[in-house]
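Below: the structure, in structure tokens.
The letters A, B, C, D and E name the chains in turn, as written, and every chain counts its residues from 1.
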């Protein structure tokens, strides 16, 4: 049984159907990548899985338990963590406080080891512990967002376009880190426009088109698929 | 909408809200709208004409059940409704069109009323002029007040502007009490009225609401036409853009401050006009009722009718004026019920009864038809078109 | 909570205060005109007298006092005269000038209405006097005190009480009687309060130790109190209504003020005593009204209508003015014109006073009574003039 | 035209400067407590809780009823000091519960449904205004337009003299209690987990949810805290103005408290305290200098406008830590 | 692109007064300081008429800050920005736009409730004069301007390829259309310099390709373009010249080919080249 099962998911904004009939299984310790054009419904899917949006129909099962009706904060406590599009840094809190927020769900304990792990992955954050989140540069904010999500020690980490707006150097770094996190045992569901690199690290990948899944396969399969190349990867 | 970072951007939240609003729009509304759009231009005009004539005849028809009698004279009630309609029309320019939250609109209303009294009432030491002259005068004076208030404060954002305007309204009310010339609670008696007599009795008298009603409705019609022109012009677009995103508007070359001031001035002028009309009809002005709750009632009228929709807010104003007049017997309960209605309305129809987006361009009919024929359905109410991945673009 | 007389307030040095003796009883004049009449009246049952004035809104209480007084008269009349059942109609203005024109115009439109009790407040009276004048509908205000009202040349306006020029001097007189030396005058922002204060200022001139003005609805008076305390005044004349007067007196006494608190009829209300608490023990009042509670027969009848409340300010006037109309109807008057003439020529004694008007509509009887707090009630200390 | 309606008498202020100041601070402390309610809700939901003034007056009614039931009346009771304190503490707790309950109720009825539907900010404002009307006229229908009879808790006694002016027991009680409470709230917001939750929701509600913060609970808690403070303010208000409780009482005080919140920087906890004290002082000074207490509000609003012209986000700036980017 | 058919109509009244290649905008010694942080440190560069200039650099290098200082959003602590010799510093934002500098936003900021055409109309209005009175009474000038808005607006929409959705609310448009609409709206103000802040963020490689095409067409129309972008393929493919910032300082200013080889830029920004070159 898969760790995270998304089944026949449909989400609407008002009358607008943003995604429908989405079914994805994510196995433990996998990296699964969602790709698709703008407005295909990737973010919507991620938000529905993390509980920020309500599924209209369909179900989301986590470790065999149906979490479809759970609120966002309850899902976090179960072990599903999202790094949202746009990072969602608390601008008026320091780096340290932002990281603290990551442990909010862990009833009271603030294990130092979690900080150590994050600081090890992102030494930059250690340097800037006292800086306000809002004044960090884009790349640093992205690190902070990922680090914060890791503080909760999630079983599944959802990443929505972590490379957006980052300089090329950083993008490579971010992908390396994703691989490392995954190697440490965290399951990753990743949304990326940077399809080439994303597919390169993906165990499996899905293509979303106009709110529907049109293709699934291993990362390599999709990389080699000629239509995918034409539409998403460029010549 | 920023598809880019829907989490943090205000735009996305708004988009979400609007998306949901669209969802609430009931079927009858859509059906009526499409019916209306299907009429030809002259048919629309004809229907409008009939509506206007009916509006004029309302107090004469004095429909049972609707009438406010026997508690209140219906013609006078109609005048009050029209007056609130005019007030709502003015406030709508500020709140609905330019998106500036004004909780002290009553201040302009008061200034207008006092202008009319000061220049016509025998209780005032100033030179006296015919009442009709005080209407433009009231507008000029309120515009001056509006600009004087606007220049220092229009830089403020949202709620800060709201509290400052509220303070302005209170200052006006308190000054009316404190400054002796304004005669506080004693007030001005025998404020002027338009000329004209029938059988020796003045046409415009305090007890005869009918001429006052017609007079006011005529103003409403004229103002609606002028504001309509304004709406579908550079000015209206600038206001709307400011309401949507002030910074972006400024960067797109809209002199936001000037246009905000213009909105404030226009609103103020209409507030002043309404105040002067009230002063004329009642014939007596004192410092009562220029208070915050009344100001908030004005705002409620705009929201109730549907901010941005001119006809809607006029109806909203009329309703706000009508309810207490019709249900006088209910005493304080009527306000309680009014409050409940406001809450329910906001829950189930937060864009107001007749909320709709104004048209901001004038000569689009031809081109619109052309686009409709060629492109995908461009119905701006119905199901939004699928935002499928666009491949190849316009190529 | 009957702590008013017993409470700790007694310690405030009331020893050097002059106490005016309480008026024990009020002789109801022999020839008082009562609503019942002779019981033989005949009239059309559609004949209507209206009350036009506040029944809701922030100033409703005064209106309700009057309305209940009038209702008492109607009940008494209709019970005694089976063949003359006069209709009583209540028309609410909320006491708001801007709102009053609609109801007033409505009243003038209904031909059955041949007389109106109202309007209670000066502002609304100013706004609507012309409407009644145009319609020739006579109206007797039982509470509006602004002197200007009678200068409009209105032939249908009558006032059932003395105006500010009558009560103002009485306030000053009361100060003299109490042998107070330093007086502060506090006025509110109402037409009534300012009008009275103007008269007091004219009378007392430089003798006033301090002056201040408060606003309607205000409940916290720190700066005003500071001023009074700084001036070391031993008397405060509060020219306004009890709603502000009560907390003012209360806070004054809490700050250690031990002089007199003198107010006009707007203050004279049992609600004042309730709200000011034992601070009200220092209060004296003037009123052009008659102590209705000293008239047991009236008080009893009134309580039946009001649901147990004792007659309040202007309840007696409400009764008396209604009685004037009723006596006219009993005499066979059926139209407005005759009623106007009837009222103009009226000369009769009511519970309150003698009702006889001069040609501007002002009462000739200018009696002003003094009152003071006793226990949790207000008692008369007799005529001031 | 007479021009003697305005005159500046600085001598009057100098004469009674300290008395005016102490009193202004006391009054300001009450404003500040109510202002905190506006500020907290504003910080978290970004909306003016117009019904907060009624939340406050509900507590004041509770104080009056409870104390009357205990036998408090127009005159100060002669109770042993211990009993008196116990009674007042009880009254305070009851007021806090009633106000807190009202605040939560307002949230449930007027805000939550709108939030679920993602309504616009103006809709929230109008809904709040509607709620304010409803509560006001419930009180009106129930208790009428006249104020409740006075309940006097104690007759203020001079405690000590500073700069030749007396500070009395009432002023001292109100000021100290109010400031202590506000410092507590500030600490709660800055240091506790609840406070972190409040700040997180204030800055970014969606991301807060992603951190496992129960947004709804935080919102309710915020309303409740605001309500508790309004309840405490209600107790002090009745202490100071024993017969000031009537259906419009909240509205009148609410406007000033709201002004205070904006003056200090709405959304800023310390700003509310500062704003409250300033409004108390400014009003008192203004009335003294200009000679009439009718000037109080005019002066307050003019100062507000002047301050906002220089500092458009209030003196201490807005929000529980908004974006500095 | 079918838009090419309309090329001459898009900017019918444009006259390029100065020969292509001379200096249009001069940024000189520009510094911006936030508190203690110097976000922009004495940066100077020129933008020549008719070129596409790229502005790149690591995150936090000061690119957006530079943009904001030029367009009047931030007040620089020192230095000058001139457009055709006119200083832009201290001017109101809308004045700067009227002088001929238009921009798009890193996060799309359209007027969501307005239709696409209305959005463009707001941009066109920057060049219009009719005020309250003339609008209220529909004077001939107003009439002329309104007519012009319709024709010119539709032309612009056609130019960027979204005319088929002219009457849809802009918030209902697909993301790519919204980006294009932003460009159209900026063009509507008839700018001399068009500034694009990360116009391709969130686009996939194919969509980026199309965007490059559009930017080139804009330039061919006679507009000068300044572009901030992290996507090297796009930057290298479309720009004529590139300015590189790091820690608020300019570290390079050269043609793309030279930038690609510049060791300082590689160290600061590009890092080791990936084999597929898409990074």
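Simple rule for what comes next: a contact is a pair of C-beta atoms (placed from the backbone, for glycine too) under 8 Å apart; a residue touches a chain by one contact, two chains touch by 3 or more.
Not measured: the values here are computed from a predicted model.
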Intersection of the contact lists for chain C and chain D: B
Interface ranked first by C-beta contact pairs: B-E
Centre-of-Cα separation between chain E and chain C, whole angstrom: 76
Separation of mean Cα positions, chain D and chain B [Å, integer]: 33
Chain B-chain C separation of Cα centroids, rounded to whole Å: 41
Chain A-chain B separation of Cα centroids, rounded to whole Å: 47
Where chain E touches two or more other chains at once, by residue number: 174-176, 201-202, 206
Touching two or more other chains - residue numbers and ranges from chain B: 3-5, 7-9, 14, 16, 19-20, 174, 177-178, 331-332, 384, 387-391
In chain C, residues with contacts to at least two other chains: 189, 213, 215
Residues on chain A engaged by chain E in the complex (per definition of touch): 35, 37-39, 135-140, 161, 164-172, 193-197, 230-235
Parts of chain D lying in touch with chain B, wherever the complex brings them together: 1-2, 5-6, 42, 48, 109-110, 113-114, 117-127, 129-138, 140-141, 204, 206-207, 251, 255, 258-259, 262, 266, 292, 294-295, 297-298, 300-302, 304-305, 308-309, 312-314
Of all residues in chain B, those that touch chain C in their complex: 68-73, 75-77, 80, 174, 177-178, 184-187, 189-190, 201, 205-209, 278, 281-289, 325, 328-329, 331-332
Touch list for chain E against partner chain A, complex: 34, 37, 57-60, 106, 174-176, 198, 201-209, 230, 232-233, 269-271, 274, 276, 278-279
Chain A contact footprint on chain D (complex, rising order): 193, 196-197, 199-200, 203-204, 206-216, 319-325
